[in-house]
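One chain, chain A, links the two complexes that follow: it is found with chain B in the first and with chain C in the second.
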Partner chain A sequence: MVENDRWGTLLAHVILILGVFVVVFPVYVAIIASTQESGTFLRGVMPLLPGSYGWENYRTVILEGRSNAGAPPIGLMLWNSFVMAMMIAVGKIAISLLSAFAIVYFRFPFRMFFFWIIFVTLMLPVEVRIVPTFQVVASLGMLNTYAGLSIPLIASATATFLFRQFFMTVPEEMLEAARVDGAGPMKFFKDILLPLSITNIAAMFVIMFIYGWNQYLWPLLITTDDGYYTIVMGIQRMVTGGDSEPLWHLIMATVVMAALPPILVILFMQRLFVKGLTETEK
Partner chain B sequence: MARIVIDDLHKVYAGGVKAVTGVSLDIADGEMIVLVGPSGCGKSTLLRMVAGLETISSGTLSIGDRVVNDLEPAQRDIAMVFQNYALYPHMTVFGNLAYGLKNRGVSKADIDRQVRQAAEMLEITAYLDRKPRALSGGQRQRVAMGRALVREPAAFLFDEPLSNLDAKLRVQMRVEIRQLQKRLRTTSLYVTHDQLEALTMADRLVVLNGGVIEQVGTPMEVYDKPATVFVAGFIGSPAMNMLEMPYLKALGRLPDALPSGADLIGVRPDDLVLDALDAPALSLTGTVALLEPAGAESHIYVSLPGRAQPVTVRVAGVPLHLAEGAEITLRAPVDALHPFDAASGRRVA
Partner chain C sequence: MQTKRMTFNSRVLPYLLLAPQVVITLVFFVWPASQALWQSMLREDPFGLRTTFIWFRNFERLFEDPTYVNSLKTTAVFSISTTLLSMSLALLFATMVNRMIRSRDGYTTFLVWPYAVAPAIAGVLWWFIFNPSVGIMPYMLKMVGYDWNHRLNSGDAMILVVIAAAWKQISYNFLFFLAGLQSIPQSLIEAAAIDGAGRKKRFWTIVFPLLSPTTFFLMVVNIVYAMFDTFGVIHATTEGGPAQATNILVYKVFRDGFVGQNLGSSAAQSVILMGIVIVLTVVQFRWIERRVNY
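Let's look at the complex of A and B:
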């Protein structure tokens, strides 16, 4: 038995390490590639050890860009992505909290009908409704605006559903206690429900921020002004745009930069999770 | 401080379920009324109607000379203690106590003074900065109490506030709540399913069953003269023994003094004695089916010939001379018997 266990453990570890390798290796390659000289890739051999041009490559993508190769400095694109991701994440959470609040705590005609309508929109991701949405956004004159980038993506059945499920676990007596304590509906929402949902909100924020950050098709469609390009689009343009060979070392440096904000958001929010979790553990 | 008048209150839920039917009650200022009954008897619904958490189907409810049927809970000047306390988990104890005052626009200085005063009364001053989850069950119970009394409301409403505590703490809190209520002289409505809690805490007891009042009275009135078979069986532990008249007649040892029209005779386990009595008495002979010593007292279950249900007897101490299977004779003085009419379930005389 003991021996069996040891082999079992070994096997499990081998599988896990392989799994980690599969996930981590491409990231590693991207980081390595971003430190190479421009000529390295033309030889067709991918080096696996860091080169010595890391500093220079990152300085180039951040400060200078290569406009002729379809690569302006990435600062503006990062900012655009950040604004869009923030607006989507915050907007989604605000709308979902309010609609979940309405559906759980208020009795109005067609309540369940509206709930199901929201639920059905789960089946309609951006890609499915992209043509009519584009038409609407274009007619409203929202092409090449932050509003156009974010508003159509704000409605969220997933978050509404999640908050609804959470609200339903809040004991009804909490609401009754608040009513006896003289809190009206919005006061109850603000003073009791919001603080209780904080860990859920944090989780939703992380997911929705990354969802917004990773949007590719929608920004590609509605922005023609490079003042509104997002970083994910930017990477694509660097690969296909320009007259020269793709500048892989710069593209990889951009990719690494583009991956950074979501990682920061996760790291920052992780703290909030842990705080929320340990406090409930007490 | 207020008088609460409940006049012919009905509650019919959507779907036609009648939870409360025609309950009327006049609660004097400063009185502690305990609503007691089995699960589903409508006691909680009644309390929640008084609180304003449940709409009133018909009837009128007034608190302190003001009809409050259509007022929000917050406008009724009541405070409620919930079964699971319903403390706000993200607020400190201070925040929990202060929340109701804050919503009423009380000034910061007054809030601070009132919260500290209430906290002192309940001896929770040391925990004011803690969150509820860092408190024990008993401490949470105190905070829930504090949240109610900090506002100095016209009435306290208690919804089974002790049922989440362990037995020892329950007795302790029972005493404290009663002392506090007596000191503050605040009109109180207290719901429980525990008949011992009901008997010990109430100024007056209201026994509910199936949405109607079975009996209202002081604990001793209800205990000594239960108005219905239901009350007789519900109040008192162990439960009252019920003997059918035809069975007693067949035994042929019936004292004459029993009121006519009674066809069900109740006798409390305490009123059955093992010794001979001078007064006219009902006497029953059977065999000991089971002895249950419980320290200061013992319960003896006695099988009577021809009856499946044994009779329960409560005696002081442990009757060492008795063994299971032994034959014994039980006697109960006639004036300790409770005669009922089986058909209506009501007491006869």
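Let's look at the complex of A and C:
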């Protein structure tokens, strides 16, 4: 601190508290709304203090869902989201580790060509090529499967790029020592490279899990069977599905359930998350 | 691009290691992207019986189409406002947090977690807060004499989606600004203070210029975010309405392709979007070193 200025610091605290308020407010409102009974919303503006129906509302959405409006119980949707997020995170990390290893530790014809093919995918989000990707997946018969939900999203170069950068910083002596001791490439990969990259893998996992969990457009397109709905897209069906005024208390209970897992991941692994975020975007 | 000085010798292994990544990239990226290019030059009759090759006619039609031109403008307004709003708030919070010593981590934790909230959920949350019949904001706005209705008023709808999209992005920008601020050498700031520069002056003449690489990087990332990742915000709330007021390009590709079944036009729009992303990426890689210096 260069100079001591009390009022400035106080002002900064005030601004930050306001900021935290703005950031937290929508979720606070959602939690409050999820504890009200259905009649509350017909009477006008929602209250700002919790009601006493929280337990009941959460039990309803998890076990029964809104079967009359075609939305399955969210227990199943939560499971689907979890499977999809895990497959994307694990799959991305696995294939990226392998290809980064190949690119850094081998010399072979067309190395640059492959590097560019992979790198190009870094640039284009799924959103810009929705229709043709959908057609490809449909013609492969992968609609309404976990494979169809996750595999097309594994094709992204972010993780490969991160691991390549990391492998370049691993000292040459590691490889020399391993070769002197007679280790083959896969042995070197398994016993030296993997243990060294464990923090990077964990950081990547946090980012990719959140990415997978929050996918919206892709599951919306390729799932027509409600047994494969994911939670984030399921909310949209609840908001727009049905003719009556939306059942806000149930929707908000679902929203809270959908947002909770990735938020917990960030809160508990904040350090890894910050590391993963700032390093992938370099 | 370099490898290690010492490498393994193997003919087959590197190809096997690359195979999963390359196969997935080819099947789910290169193939669909070339399909999009090809389809963007075709026209299909309404029953899908006959397709004709029409060169660039789809693109010409797009730019003659007032709804597409309108969508371009909407996207520009939407992404610029989202970027400005979330970046300026994030910069404000980051400079304030950077002054703190003991409370820094506490504030950071509170400001960071909206990153985990999916865009679609962010949309639903704000949609609920602004809901004309039960929401809190319209109730408060009514007290000051403003009648909020995003279902009818296109300005209100735009403000709603901008707030929802920017809210979610604050935490991302905040983290990068904070990292940028912490990498500025304290000695520069002390030197300026000794020369008699006040807080405000120090910020605008030293801190802000030194932050410009971060700011520029975030600008590109935010524009890409606002243009593409916000599909969920729009789809879960306004669905492009009222009267096309929030029909951004990504949403229009989806609408024309899946709801309208106009594949040629949708593919042409995809190609234009790909072009935009590529330009933005190139700008980010090329310009970042050259233009932003101090």
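To be clear about the criterion, the second predicted complex is superposed on the first by the 254 of 282 C-alpha atoms of A that agree within 3 Å, B and C clash if a C-alpha of one lies under 4 Å from a C-alpha of the other, contacts with A are read in each partner's own complex, and residues count from 1 in each chain.
In this section, contacts are C-beta pairs under 8 Å (C-beta built on N, C-alpha and C of every residue); 3 or more make two chains touch, one makes a residue touch a chain.
Values in this document were obtained by computation on a predicted structure and should not be read as measured data.
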item: Joint occupancy of chain A by chain B and chain C, clash or fit; value: fit
item: Touched partner set for A:Leu10, first chain B, second chain C, both or neither; value: neither
item: Which of chain B and chain C A:Arg179 touches, first, second, both or neither; value: both
item: Superposed model, chain A: greater residue contact from chain B or chain C; value: C
item: Contacts of A:Ala138 with chain B and chain C, given as first, second, both or neither; value: neither
item: First (chain B), second (chain C), both or neither touched by A:Ala147; value: neither
item: Contacts of A:Leu63 with chain B and chain C, given as first, second, both or neither; value: neither
item: Chain B versus chain C as contact partner of A:Pro195, first or second or both or neither; value: first
item: Nearest-approach distance, in Å, of chain C Cα atoms to those of chain B in the combined model; value: 6
item: Shared contact residues on chain A - chain B and chain C; value: 176, 179
item: For the chain A and chain C complex, residues of the former touching the latter; value: 1-3, 5, 8-9, 12-13, 15-16, 19-20, 22-27, 29-30, 33, 41, 44-46, 48, 94-96, 98-99, 101-108, 111-112, 114-115, 117-118, 120-125, 127-137, 140, 151-152, 154-155, 160, 168, 172, 175-176, 179, 184-186, 188, 210, 213-214, 216-217, 220-221, 232-233, 235-236, 239-240, 245, 248, 251-252, 255, 258-259, 262-263, 265-267, 270, 273-274, 277-278, 281
item: Contact footprint of chain A on chain C as seen in their complex; value: 1-8, 10-11, 13-15, 17-18, 20-22, 24-33, 35-36, 39, 89, 92-93, 96-97, 99-101, 103, 107-122, 124-129, 133-136, 139, 167, 170-172, 175-176, 179, 189-190, 193, 199, 217, 221, 224, 228-229, 231-232, 235-236, 239, 250, 253-254, 257-258, 263, 266-267, 270, 273-274, 277-278, 281
item: Touching residues on chain B, where the partner in the complex is chain A; value: 51-53, 72-74, 78-80, 82-84, 86-90, 99-100, 103-104, 131, 133-134, 147
item: Touching residues (chain side chain A, partner chain B) in the complex; value: 171, 173-174, 176-183, 187, 191-192, 195-196, 198, 279-280, 282
